[in-house]
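For reference, chains read A, B, C, D, E, F, G and H in written order, and residue numbers begin at 1 within each chain.
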Amino acid sequence: LRQDQVEAVYGPGKTPEQCVLVVGELLSVPADGPVLLTRVDDAQVAAVLDAHPGGEVVAGTVVWRRASERAERVVVVTAGTADLPVADECAAVLDALGFRPRRITDAGVAGIHRILAEVDELLAADAVVVVAGMEGALASVVGGIAACPVVAVPTSVGYGAGLEGVTALLGMLASCAAGITVVGIDNGFGAAMAVARALPRGTRRLRVAEEPAS
Amino acid sequence: LRQDQVEAVYGPGKTPEQCVLVVGELLSVPADGPVLLTRVDDAQVAAVLDAHPGGEVVAGTVVWRRASERAERVVVVTAGTADLPVADECAAVLDALGFRPRRITDAGVAGIHRILAEVDELLAADAVVVVAGMEGALASVVGGIAACPVVAVPTSVGYGAGLEGVTALLGMLASCAAGITVVGIDNGFGAAMAVARALPRGTRRLRVAEEPAS
Amino acid sequence: LRQDQVEAVYGPGKTPEQCVLVVGELLSVPADGPVLLTRVDDAQVAAVLDAHPGGEVVAGTVVWRRASERAERVVVVTAGTADLPVADECAAVLDALGFRPRRITDAGVAGIHRILAEVDELLAADAVVVVAGMEGALASVVGGIAACPVVAVPTSVGYGAGLEGVTALLGMLASCAAGITVVGIDNGFGAAMAVARALPRGTRRLRVAEEPAS
Amino acid sequence: LRQDQVEAVYGPGKTPEQCVLVVGELLSVPADGPVLLTRVDDAQVAAVLDAHPGGEVVAGTVVWRRASERAERVVVVTAGTADLPVADECAAVLDALGFRPRRITDAGVAGIHRILAEVDELLAADAVVVVAGMEGALASVVGGIAACPVVAVPTSVGYGAGLEGVTALLGMLASCAAGITVVGIDNGFGAAMAVARALPRGTRRLRVAEEPAS
Amino acid sequence: LRQDQVEAVYGPGKTPEQCVLVVGELLSVPADGPVLLTRVDDAQVAAVLDAHPGGEVVAGTVVWRRASERAERVVVVTAGTADLPVADECAAVLDALGFRPRRITDAGVAGIHRILAEVDELLAADAVVVVAGMEGALASVVGGIAACPVVAVPTSVGYGAGLEGVTALLGMLASCAAGITVVGIDNGFGAAMAVARALPRGTRRLRVAEEPAS
Amino acid sequence: LRQDQVEAVYGPGKTPEQCVLVVGELLSVPADGPVLLTRVDDAQVAAVLDAHPGGEVVAGTVVWRRASERAERVVVVTAGTADLPVADECAAVLDALGFRPRRITDAGVAGIHRILAEVDELLAADAVVVVAGMEGALASVVGGIAACPVVAVPTSVGYGAGLEGVTALLGMLASCAAGITVVGIDNGFGAAMAVARALPRGTRRLRVAEEPAS
Amino acid sequence: LRQDQVEAVYGPGKTPEQCVLVVGELLSVPADGPVLLTRVDDAQVAAVLDAHPGGEVVAGTVVWRRASERAERVVVVTAGTADLPVADECAAVLDALGFRPRRITDAGVAGIHRILAEVDELLAADAVVVVAGMEGALASVVGGIAACPVVAVPTSVGYGAGLEGVTALLGMLASCAAGITVVGIDNGFGAAMAVARALPRGTRRLRVAEEPAS
Amino acid sequence: LRQDQVEAVYGPGKTPEQCVLVVGELLSVPADGPVLLTRVDDAQVAAVLDAHPGGEVVAGTVVWRRASERAERVVVVTAGTADLPVADECAAVLDALGFRPRRITDAGVAGIHRILAEVDELLAADAVVVVAGMEGALASVVGGIAACPVVAVPTSVGYGAGLEGVTALLGMLASCAAGITVVGIDNGFGAAMAVARALPRGTRRLRVAEEPAS
């Protein structure tokens, strides 16, 4: 029914041949939206680039028809080194959509000065993605600073009581920062798509005079 | 740090006197944003309206300084009768923020024609909140139709395998509809606040000419 | 006590020798029902086909004494590519039982038009098996369309919040579509056997005149 | 889309007025199918019988337009006394649908002779519903005896390690009896509806000559 | 074997008579340590004060032989209003032990300026107890600021995804702030006792010249 | 404090050298009880047999000083092929203790005639160990037949809803057969030791005349 | 099939009339075994004692035909005050079976001297039941001292991390004391029945000369 | 904000190059605190020792600038062999901090005499770390003996019902020994850091005259 901005194929579990086929179908539509193949392995990359030249590989994602740059400011924040792969996937998808996300890294809340040094960046953002494992507390702190849409991505990094992302997931859902939202564990792709929903292409938010009160 | 659009006090666990005090402090600030007291009981309502006249009570929420109407179209969809209280709280908070949300009710996916009859409404929306318990499948279907931000609220209705909202929560997080986001179980308030983040007051999304591609 | 329609041996954890032995015993009974060895590896296949020629290998299942074709219409629906192996096992067992199942693939509910295009197929079915991972919502939608027995198979595909099939399982059990039933995670075999129970061999459902009301 | 055999309204959480309204709408359709209001309390019963005379109350369910008797044999088996309310709801819905279910009670597997005394009844059945809490083992034993559709209903009876039905639910899903299916915890209604799907009204299963083998 | 600093009786589930008896035994020992009866109801209070005059009631705890004031600085921090009862019990036990704890309230991390305003207090502390529900993030932030022992108490406040304290518990255990420790959900008593272990009565920590390196 | 009948060393995680050392210490005590090293790998076996000749290897267990045969009848029952390794370990330990256990295999309750064929064996037993995965129902059935101690061992075999033994564990704990007891998942060793506690070496149960009633 | 030593009816969920009926049937059998009605409320007690005089009420259990005293020594150990009701039920059932159990109370392992003071009692026991909530550690300590059958009963006492008995249950199952066994949460009745299986009525364990080694 | 005593880098998931870089930055600060790289593999060790000579490797941890010896007595207790790796990491970090911890090994509570033999050591300790898997009961027993800070580390050793450390974790949190605290599963590092918080460097606890009572 709806017109998607982007077509994305999830790589794992598909043979290189299946990848070539599905990507080929999507590219055959004379639309201008990007086409993505995510979480690829080497064999899949080789096959699809051979069949469909012009794809760029970033952070395990192959991108065709990367969108032109957009004006909105999107920030991707990570707590620790181990959250980087999920954040990288998110950034790669954002980039394919035309956003050129800024990155804030190593901003775990146990060193609260690190995220405080980025307050201006957060206040200026049109959307923020927070990628964090372990206790996921970073999302609450960022959500309390930024006024824009904040999408939290729990990651499965860490060991023991991190419960492979469930601890971060629960913490983000139970966050005391009003209005932050959450996507599935390690779902950097989903967070990028949520940003795309909030900042629809071909539009711009402009200040307007307020309507008189009811 | 940030300027909130709204101040909300969570009623449960507070004495009527505590409610009067906290609400009084918030109203004493000469700001123009709404003040809310949520999930109130009768004694709390009596006390705060006596001390701070002018509050309106809607769906268990007392609202002071209700915002003037805004132009954006927000839709709140529910699956079944039992989801209504959570959706009502969400709608009351949206209303306080100036949104006049449209409601789609009884749209459970086991009767798929019901949500299909609302496709035009969903395509025209600036934001959609989906409130659903049991298996939470409605969020996936709506997320596949609407292109705008879709915030899913799992509810604790139902019995047995609904696990008091956990089944709907997990289903929404694992949804195959890209870019939908989730808030905590029964958190209609949080969903309204997420909408407010996506549609910041005093701005309007306008169509713009595309920038040339990179 | 009962006369089984089929004898099935579960391969994993058995040595090739054990497989040869058990299958041999089952084939030695002069019955006309099919004999199956499921989830086999290469060594097991080599051994049993050597000892007991005439078996056919489909989707990891070896079939002896495949049943003759039956008239009932059985449909196996899948949501995504990753659900195919489970659906294939189900289809192979159905085929051994004499059903020649129709397949509907890639019918995830986030693109609701895909399953809607198959409404006639679903209305004409005598039984439907729905194989889906992630949030499992497809079972609710199909259960709302088809009037016949609908058996839902949750699959362990997906990552993170899919919880290795538990999310789909819970969602299917909590489904708002009345009368659909569920088998264990990834249990395509069990779903085929449930269909066999609903459509007993050697019988046919025929329209009859209604009895007068009580 | 589909033509339901029955319209059922779930009582809990609805006001008596809402019940009167919804039931009224359903009865106003000049169809011949039964209308049910389930899990009612006294106030709801009083209101709906006053507004819509002719309803019969059985096991917390109000039934209008009870279907005429059907020929198929349906058996409802329970393990212990505490499973009776769920089985009673199931039997009431089956009765409204025209089945006059036979009941086997107190057949817990710790006294295996009790269910063995009913083997003939089980072999003659067209469908069996097994209602059991605690470890749910009864479903496996019955599924090993009966060749027809066996629908298992886990119940939340018992304490401690029964985990409010989750233990029985898991046990039934993991059952070694091939082809039994499961509905949600305490969902006697769902089990009855599953039987209705397997034994569609206005048809009868008749023995036919086998088709020649493929 | 060891000499306890304090004797504590857990009130719930004991009759007033049992309380009188147990407290009487403890007071009969000519020791100088405090005796506590925790989580009392009105009947228990009446009975024990009648039998054993001299007890003081604070935050549901009856205290006999309250210890003289000690020099160490202990801080009890709470995130929200609903955490206060647990923090109050902790403070009452600390007080009975001779600590006169300072309180920091309403310091949830979604308003990070609130805890930042207390940095000097935290740096000067000899021990800190952090009492927080929901996502429990406050413990990580405090643990990153204070260098002394930080004991985290998860509370069961909040609803939905807070899972009655489990979310906060997991978040605190998975905290990225090195060296913070955790006690059971709502166990304010245990946190106070942990402080008592870290700051043994009758001793004082004094600066010493460092030993030469190995 | 107590005199153990047997000394057992758990192999996994120990180097061959550690195994040699610990076993050596135990054998150096001039007692007459057996010494066991369980769950060994090849390198451990080679090392310990070299250092301490005379050990026998059965089912992954090395046994020194195997006890002389005892008169009591112990039965080890298994549901399926996959339960055999756990049952084998249990039988090996029982054998080391002097019991020569009888084995009943492939007695899953979905074919209830299989365990019924062994009623006499069960009635004559002094103790029964039931080893079963999946839904664990076999323990309930056996517990309803045998009057002697019945020790249930849940196994982690099976897939999906078996939850790696948790389903069987819960089912056995919630069993409606009074007085059966349970040990940890896959803990065949523990079950054998429980039998040893019930049937202490050097004693024999003999019929006695009843004391007169109180 | 088997001859039970005792007939027990579980009271909760039964009407007083149902209780009278079932107890009446059991008493009508001219056997000499005890009849129990457990977990009764006042109305049930009044009804059954009126209909069936001669029952004695102990710890919520009504006992008819209490067995004559037996010589075996059974000990019931509890960790804390809150475990007493479960232990009392266990002792009442043991008493009905003819055992006159000794009680050791308040023996929580945090005061290890308390259980050490009872070592002689434990060494002399023929069977021990350990009833403990919270972390359930008492079972491991007792299992390391006593050589006889040790049955552990986890209780649902405690709050927060006790998880209503699950923590104690898991701890007992994972115990490092070899050969202790576990029954369901709060299942004092089951533990008593397990003792009855280990010490069959009408027999006595006597020392015998050892058989010569194999 | 705060001055850390130690800088620790978590090795897993970092390339050798990343390790060299981060360690280099930390060593470049002319501070006197130790620098740690934990859980290293061979390639990481080779790279960092090459780039930054002077590091010592103990128990998978590389230590630079090991602190001079301190006077406080710290004890690390383990229940079984399998807990040793976690305890070794804890001891290595303690050693880097200047503590020279004493070790008590193989002190599982099923042989209670083993920990009782160490009572004097425990009473003399300034801090105790208890490392235990399975049921974690050792922490309760030690906490009941020692009066100083007791930090419990649950380990993921064991199988089945140990649930990879969750059982020990829950047991330690629910412990009846007042004032013991807990860190995450397998988090030996965190326990060492908790000891460092309780015993701050450059200070010494000295006995003082008591203040007069209030």
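One rule holds for everything that comes next: a contact is a pair of C-beta atoms (placed from the backbone, for glycine too) under 8 Å apart; a residue touches a chain by one contact, two chains touch by 3 or more.
Treat the numbers as computed from the prediction; the structure is a model and nothing was measured.
**Student:** Write down the chain pair in D-G, A-H or E-H that repeats the interface of F-G; the criterion is over half of the contact pairs matching by residue number.
**Tutor:** Of the listed options, the interface copy of F-G is E-H.
**Student:** Report which of E-H and E-G is connected by more C-beta pairs in contact.
**Tutor:** E-H
**Student:** Counting in whole Å, what is the centre-to-centre distance of subunit A and subunit D, each centre being its mean C-alpha position?
**Tutor:** Taking the mean C-alpha position of each chain, the two centres sit 46 Å apart.
**Student:** Using the average of all C-alpha atoms in each chain as its centre, how far is it in Å between subunit C and subunit D?
**Tutor:** Going by mean C-alpha positions, subunit C sits 24 Å from subunit D.
**Student:** How many angstrom lie between the centres of subunit C and subunit H, each centre taken as the mean Cα position?
**Tutor:** 53
**Student:** Determine the centre-to-centre distance between subunit F and subunit H, using the mean Cα coordinates as centres, and give it in whole Å.
**Tutor:** Centre separation, subunit F to subunit H: 37 Å.
**Student:** Where in subunit F do residues touch at least two different other chains?
**Tutor:** Residues 1, 112, 144-145, 160-162, 169, 173-174, 178, 184-185.
**Student:** Which two-chain combinations qualify as touching?
**Tutor:** A-B, A-C, A-E, A-H, B-C, B-D, B-E, C-D, C-F, D-F, D-G, E-G, E-H, F-G, F-H, G-H
**Student:** Please give the residue numbers of subunit A that touch subunit H in the complex, ascending.
**Tutor:** Touch list, subunit A to subunit H: 81-82, 112-113, 157, 159-162.
**Student:** Help me check something: in the complex, which residues belonging to subunit H touch subunit E?
**Tutor:** 1-5, 8, 66-71, 119, 123, 144-151, 169, 173-175, 178-185, 189-190, 192-198, 200-208, 210-214
**Student:** Show me the residue ranges of subunit A that touch subunit C in the complex, using the header's touch definition.
**Tutor:** Touch residues, subunit A against subunit C: 1, 10, 12-14, 18, 154, 156, 165, 169, 184-187.
**Student:** Would you tell me which residues of subunit B are touching subunit C in their complex?
**Tutor:** Contacts found on subunit B: 79-80, 108-112, 116, 134-137, 140-141, 143-145, 158, 160-163, 166-168, 170-178.
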